[in-house]
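Have a look at these structures, which come just after this line.
There are two complexes below, and they share subunit A, which is joined by subunit B in the first and by subunit C in the second.
For the complex of A and B:
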């Protein structure tokens, strides 16, 4: 089971790969859309990469609730198997 | 001049081609007679009937950031790079949406075309679907593969709100885009339009499909000699990739900005063959009608024409039909016209051809030089025209004009005319 820091670090790497944002700028309170240049299409890429990396299922209906990096970290921690 | 018949000029050029990463290096290579064709060394090419192509001289990923490349088909990457060069070359420093811009977004258009659009994205993502499953198909697939994607992405980049368009007519697409853009300005819909063509179709499926039509050169052992328009030994075209983009502007707007003008974009001539879906009309009558329409609609004096950048793809039938049409319409004037087939060096960029060849035509007028046609060792007896061969040739001083021809599968004929200023 990953720790909160490990999930944040993993998400930061994913966001860096997809949006080109430096990993250290990917912080819990940052908004994917407003701060990290992750639009709705790129968010799908982030979600798919996160599912694979953390062995978690993130349903399409849930994606709209993941506004900040913290939202995603918390969802992954609560639902990862 | 009324608002419905405004003079249009070219104020910027950009190119990303098999010969160079920009317009200047491409032009230098064209004048030097260098070939951009090489053997395809990829594993997938090993068993294909055609194993040669003209890749871009530089990989776009060396210029564009990785996250952007993930969202753009290769054809849109080429178009964006060429459009940025042309935009800066025309003296624009910011997008039209910036308050400091010299052009209002509502007066700016973009018309970039491609013959077959994001075909590599489509095919690659189908491979992803089959091999990795539903979830791995990129959410960017549709905006990447749609043929209007290069135009739309360039339009967003420069802030074009007067209209973004993508005429599609196979290998005439790039020229049709530029003709459409000239009309947008001439008729008053826009003051500036970013226009051109792009193509990125070097992939086993398009190559095999073209090869099975008997349209491509199979001269795999001599890649740099395979594209040989007008030569008796020509056996089909060589596929190339890249983009060419020009900035078209109303003469009035360019004068107000005080920028360099390369030449006038006089206008276009259009026709269609209604003959065959993939064969040229052998007498060249369709092309001749496009030429006739050009001279009639623009009033361009045939005697001013001193250079033609021919469509000449190096196919047995097409090259001759085009020459017949030029002879029919230009008559004895053709004796004073330096005809260049730059596809002998760049390969055939399909929808990108009209883009890079318009850039070359503009450069020819501006520098008063006609590029050579390489590999023309033994001129076909039916070529009744003065082809520039071996070395580049100087064009005359004074007021001169040049034509750029582009024809596409389906029988689309587009002739563009430019005139020195």
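For the complex of A and C:
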């Protein structure tokens, strides 16, 4: 089971690879759209990559609730198998 | 039980595409014009879709007219006489006179004699669906050559006030002449549907209920609010990239072809972002040329694959005899993918 720091680190690498945002900018309180400029389609790419990396299902209905990096980290921690 | 037996029959051993042709409407709609309808920017539209401009049909560029123009080019490219065409299949979701099928008028105008002619509705997979039918008709012996046409006037189904779709759609026609071949020219077609996602891409309302509404609701005359196409972008994106990458891989496997042997990748021109993500998901080598016709044509649904194929052949990006992976996917949801030999 990954720790909160490990999930954040993994997510930061994914966001960096997909959207080209420096990994150190990916912090818990940052909003994907407003702070990190991850658009709706890139968000889907991030979600699919996160599903694979953390062995978790993130349904489309859930994606819109993941406003901040912290929302995504918490969702992954709560739902990863 | 009758002792009489039905005489067996069969057709060509294999089928291939003999020629393609396209028709692009005269009127160009650049992003600058779209910005007059919606609050957006050229950069936003380009980064979200890869579209710089699209073509919209005028009053004389009807579904039938665009089809006849495109098919005429395809028949000339195939080098056959139209009278040898034994089937005309028209894939469209934007021909608003359902009866009779527009295919019969097109067949008659092209000089296809009494060829069976019919319309099919398979949205953005329409060309692949038509190709599958043509392949079966030719190999089954019910036609020597079959004309497959994808044609749309999606501008008629565009809500120009909808910020998420107003910039996406375009009009046009693409046609292919499919006929007999000594060697396999169309790999096994991987096609299917998923009706559980029927609402993900859809016309906003049925025609009958839309027209039954009083003018007070719908507006009057030219101002009447028509049904339009709507889609759930994120859901469609996820399905179109990751589910369709699997279907594309199945089409490669069914043809016994590896990605590095492809001379072209021609996905339905839905959105450049879908194409780019699909390339990644498929791990397509950089050496394979990819159709990017959407930049100047927009999303033309059933017409997009033959239009993009024609452009790649005309520009020399892809060559006759090369293998191309084609994949269509859209409202239904429906999909169809195959490896084909380029004409």
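Rule of thumb we're sticking to: the second predicted complex is superposed on the first by the 81 of 81 C-alpha atoms of A that agree within 3 Å, B and C clash if a C-alpha of one lies under 4 Å from a C-alpha of the other, contacts with A are read in each partner's own complex, and residues count from 1 in each chain.
In this section, a residue touches a chain if its C-beta (ideal position, glycine included) is under 8 Å from a C-beta of that chain, and two chains touch if they have at least 3 such contacts.
Predicted, not measured: the structure shown is a model, and the values here were computed from it.
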For A:45, select first, second, both or neither according to whether it touches subunit B, subunit C, the two together, or no partner.
-> both
Contacts of A:6 with subunit B and subunit C, given as first, second, both or neither = neither
Would you check which partner chain A:35 touches, where first means subunit B only, second means subunit C only, and both and neither mean what they say?
-> neither
Kindly classify A:71 by the partners it touches after superposition: subunit B alone (first), subunit C alone (second), both, or neither?
-> neither
Contacts of A:20 with subunit B and subunit C, given as first, second, both or neither | first
Once the shared chain is lined up, is A:60 touching subunit B (first), subunit C (second), both, or neither of them?
-> second
Shared contact residues on subunit A - subunit B and subunit C | 41, 44-45, 48
Interfacial residue positions of subunit B with respect to subunit A in the complex = 65-68, 70-71, 135-136, 138-140, 143
Subunit C to subunit A touching residues, read off their complex | 47-48, 232-235, 237-238, 241-242, 271, 273, 277
In the complex, subunit A residues that touch subunit B | 18-20, 37, 41-42, 44-45, 48, 51
Listed in rising order, the residues of subunit A that touch subunit C in the complex are 39-41, 43-45, 47-48, 60, 63-64
